[in-house]
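Structures for review follow.
Heads up, the next two complexes both have chain A, just with different partners, chain B and then chain C.
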Partner chain A sequence: MSAIPETSMPTAPVTARTSRLSRERIRSAWLFLAPMLIVLAGVALYPLYRTIWFSFTDASLDLLGEARFIGWRNYLEYVDYGNGDGEWFGLLADPRWWRSVWNTVWFALVSVSLETAFGLVIALVLHKKFPGRVWVQAAVLIPWAIPTIVSARMWAWMLHDQFGIVNDMLQRLGLIDAPVAWTASPETAMIAVIMVDVWKTTPFMALLILAGLQMVPKDMYEAARLDGVPPIRLFRKVTLPLIMPALLVAIVFRALDALRVFDIVYVMTPNTDATRTMSVYARENLFDFDRFAYGSAASTLLFFIIALITIGFIYATRMNLEGDER
Partner chain B sequence: MTAPAWLKTTGFYLLVGIIVLQALFPFYYAVLTSLEDGQALFEVNYLPAVFDLSNYRSMLSDGVFGKQILNSVFVATVTVIISLFLAITASFALARIRFRGRGLLLLTILSVSMFPQIAVLSGLFELIRAFGLFNSLWSLVFSYMIFTLPFTVWVLTTFMRALPIEIEEAAIMDGASSFTIIRRIFVPLLWPAMVTTGLLAFIHAWNEFLFALTFLSTDTQRTVPVAIALISGRSEFEVPWGNIMAASVVVTLPLVVLVLIFQRRIVSGLTAGAVKG
Partner chain C sequence: MASVELKNVCKSFGSVEVLRDVNLSLEGGEFVVFVGPSGCGKSTLLRLIAGLEDITDGELMIDGERMNDVLPAKRGISMVFQSYALYPHMTVFENMAFGLEQAKLSPDEIKARIAQAADMLQISEYMERKPRQLSGGQRQRVAIGRAITRQPRVFLFDEPLSNLDAALRVDTRLEIAALHKRLADTTMIYVTHDQVEAMTLADRIVVLNAGNVEQVGTPLELYANPASQFVAGFIGSPRMNFIGGEVAAGHGAATFGIRPEHVDLSRDKGLWKGTVRLTEALGSDTFAHVDTETAGMVNVRLAGAERIGEGETVFLTPQTEAVHLFDDAGWPVRKAKAA
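== the complex of A and B ==
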């Protein structure tokens, strides 16, 4: 026991010095974080707070400063006509809003599923070694790099009902008899939008899955190959469970992105009930219909839907944010 | 029972061929269309039939489009520079210094990157009008921080965490200030990561549409995605598709070149944000 004071003696001054040093470092940490946090608060938190506030007011585009608090009336309000009759008003009673919620959910569900399936195929191809692999990967990346607006217009041209190459191809192949008005007719508008989104974002999905594939230890495959496990079984029993975490992250990232889709829908199929999403609905009300408060209410609802999903995801995966492995 | 080897190989390369074709064809077709004019535009061609630069000439000679390209270059470049500067100091604090609330802070920053842009649109609109930035390119530089900043901070933090502690020990012992440590040790070591994140932030800012559509109101101030989205004819039959495709190619070509040059960096940056997190 007498050894303790002896060993602790020389360390004592060092500890004092490091703690002064670490105090200094912690102070400088906040100093370094301050500019970034101020900008982020100014560009994200304050505007979010104002959006939520506006959703409880009667603000209009030109009279933002004179907005008055009106409670939940933008969301839901029962107007009594006095003769025992009445009507529900507000966002939650607006069939157009529910239609756009449904459109958004449907869009997210279908496009993310397709992107996952195609992304998996492309990732598995890119995971193999073959001559020219780098070039194939570069080619796959190109749809991702093309601006969304450009891909929307490129595809709108390719899907043109009279001069479009897609109709031409399908007719040559005998798959359709007459040209289809892809973006104009309500039955196919959503298909067109989903098609473009899948084309554009599958590369992102493929790369995330590929990164997951590359983390699977090589000897695992080697062992399975020597044991003569058939490839499909190998994929189902070994590869898929191992890449599941990466796959889930990719799916959630994409789903959150898909739920706020705006650009493609706004440019390819303007003013169609068939494809109007929550973001498009909100912006229409904010700036086109001069119902600023009402649009803010729609934005607020969209925010809380996405926030709930994000929180659920972070909780479910218990992400290691502290980086405490060191 | 198993298929012969040559069949497997053929099937595999067929798949590779389909993947490359579907990825490249729309852009190829846009280039093809942009080189057609007049009647050729309204015939479906699979191979180049004419070589006519008049679409490009008419796009670039009217002056506004050139200004719009410069607007996009300005906004994307300034956004990247400011966010990298803010992010490198912040991620130093987040990656190398232990303090209470660090995990929560990272979580907050990550959740900001999940913000739907539409959720802040009305609040930002009010703020930008109050600052007198409406229809100014600075409104975009400011508002783009909402997606470039969380992303650059997040990726630079993961990269910085991966560096061993020893590299700064000597500097700390010498009594170097934290700012000196960042400038002399981390910036030189991290510049590849900074190029990667800067590149991705640039592409993101270059492609952004919703804010640019909302915060700019005159033709000469617009960025190219908005300009391309708003090109239209007086009727459905007068949409100048040749011009639209020429503008699209001009806007996309720099990005395609960037992808070809920095392919590996882009891939590592894209995945670092998600997988390592």
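== the complex of A and C ==
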């Protein structure tokens, strides 16, 4: 037992063996990653590359194969009329495009803020134990479980200016005198879309925040009880900082979704300047106006705007998370 | 000097009764350890005193004042949690100041109290660090420091050493003992499942078993005169030998108990003949597990590094005055007279 085995390994072969082992591990890692990478390249990278390519051509829907490279003309082009006069054309000079960028950002900002606030409240309520909590949890999730097209259609009917139940109820309650054309009037269209999105997506936020709340150790609250910390200070000083990472992830998810919003706007308020988002604008040009290259340029910009906002948000919040020395 | 008194305290969670009619009277400045196996209700008892759980029935008095319906923060207690319960997003200083700010102390007073506690526990240099940047032992000190700054009447410890490694546990145990000496006026209640911690720290030990108080007494009282077979088995390491059958029947009992250190071993004569099956040499002691014909397996302590071969035939004789006899319900029978 005590004798040292004669075949004890010299040092050099041992390192050779471990490095061969780790080489093998790296190789099998690539092997397992390969299918995912190939599929991702096929369904994400290639379409993205094609879109960017088309945005530099004069492609139209029926002449995709004969697309010619035209440089930045879809984005920005100065046309000289020869008489000392000229005009800017292209996406970057199109006020309709900038209007839809603004619509999208406004929509994302307001809807995500409201969803975060309501989601937080709902999550805090659901985090408490009360009889029938499971049922309430299930009920809260219903709006999120309904397909967007269905709920958008449903709300469009409910908000209908002549036959909608919302106008009927508000009139009976005496809150409005005449029916409001919620989705058709430019003043209320965005409000209607945001309201429906908040109704639909708050459960998702609530669920993610609830998961964050459940990660907070119970003894944190017990220590605070011994210190006699009142509920509001407890929430501000203990709960909120501890769920902040989960909250930020939820906000990034939602912001990404909101910036590409399409279905709810397209179904509820088609063809309105008041609610046209970047996605709706791109689709219009791609397929309705037969300006495929121009639509591709819009899609490309949409991609970069979302990427920039997301990267900026992640960067800013990480700074916040780590740089909390005060 | 805050006395703590529990009168017929009961605790149920739904239909599950975890504590039954607990009566305890702790003097001010005493160090009392609640000890028992897991699930015996010792932590629940501590949480009742802290106010983290409601008392189902009975009364809790601190300094003669009824505490049943007093908020935890108003009871004049501090608690050190098993997991330390430090706020991970706050620095050590902020962790210690959080409760004091709540108590509306002046910033100068807060600084003074924290500086004093930090000094006592040698954590002054970590004040600006986050808990995650500290080792387990340092976190433990911060948790104790946070409890000290509140200047409590009663100090509660909930298994504070269970997350530390063995060497650190011994050091911290000594520090807690030293802390008790410095804060001589503060009553301390300490929960553990480790009987060594209980024996070394306590002025008095409360042994709990399945929601009942089995015995209350000084460490040596419990060791010398266990009030039940459970206490006899729980206090003392390694545990007492329990021998049934003929040996016990010969003394008119169901169980014959003798501690390993109270059995004499001889190579040529004695009461029980047996064969050594296994030895554990710890340096200061050696424990021999002897398979005897009449008494079954008996664990014997040999002083020092006395060598004894496995497989050797030996004779064992229990020291008459150290024998404990129990009936079949585990209650003590009159002391044995002669072997």
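Criterion: the second predicted complex is superposed on the first by the 280 of 326 C-alpha atoms of A that agree within 3 Å, B and C clash if a C-alpha of one lies under 4 Å from a C-alpha of the other, contacts with A are read in each partner's own complex, and residues count from 1 in each chain.
One rule holds for everything that comes next: a residue touches a chain if its C-beta (ideal position, glycine included) is under 8 Å from a C-beta of that chain, and two chains touch if they have at least 3 such contacts.
Here the structure is a predicted model, which is why all the values come from computation and not from measurement.
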{"item": "Clash-or-fit label for the pair chain B, chain C on chain A", "value": "fit"}
{"item": "Which of chain B and chain C A:Pro241 touches, first, second, both or neither", "value": "second"}
{"item": "Chain B or chain C, by number of chain A residues touched", "value": "B"}
{"item": "Partner chain in contact with A:Leu175 - chain B first, chain C second, else both or neither", "value": "neither"}
{"item": "Touched partner set for A:Phe130, first chain B, second chain C, both or neither", "value": "first"}
{"item": "Partner chain in contact with A:Ile232 - chain B first, chain C second, else both or neither", "value": "neither"}
{"item": "Angle, in degrees and to the nearest 10, that opens at chain A between the C-alpha centres of chain B and chain C", "value": "80"}
{"item": "Partner chain(s) touched by A:Glu222 [first = chain B, second = chain C, both, neither]", "value": "second"}
{"item": "Minimum Cα separation, chain C to chain B, after superposition on A (Å)", "value": "14"}
{"item": "List of chain B residues in touch with chain A within their complex", "value": "12-13, 15-16, 19-20, 22-24, 26-27, 29-30, 33, 41-44, 46, 86-87, 89-90, 92-95, 97-99, 102-103, 105-107, 109-112, 114-127, 129, 142-143, 145-146, 149-150, 153, 161, 165, 172, 177-179, 182, 203, 206-207, 209-210, 214, 224-226, 228-229, 241, 244-245, 248, 251-252, 255-256, 258-260, 263, 266-267, 270-271, 274-275, 277"}
{"item": "Chain C residues touching chain A - in the complex, by the definition given at the top", "value": "50-52, 71-74, 77-79, 81-83, 85, 87-89, 98-99, 102-103, 128, 150"}
{"item": "Sites on chain A touched by chain B in the complex", "value": "21-22, 25-26, 28-30, 32-33, 35-37, 39-40, 42-44, 46-51, 54, 64, 121-122, 125, 128, 130, 134, 136-143, 145-155, 157-158, 160, 162-165, 168, 199, 203-204, 207-208, 210-212, 215, 246, 249-250, 253, 256, 259-260, 262-263, 266-267, 278-279, 282-283, 286-287, 292, 295-296, 299-300, 302-303, 306-307, 310, 314, 319, 321-323, 326"}
{"item": "For the chain A and chain C complex, residues of the former touching the latter", "value": "217, 219-220, 222-223, 225-229, 233, 237-238, 241-242, 324-325"}
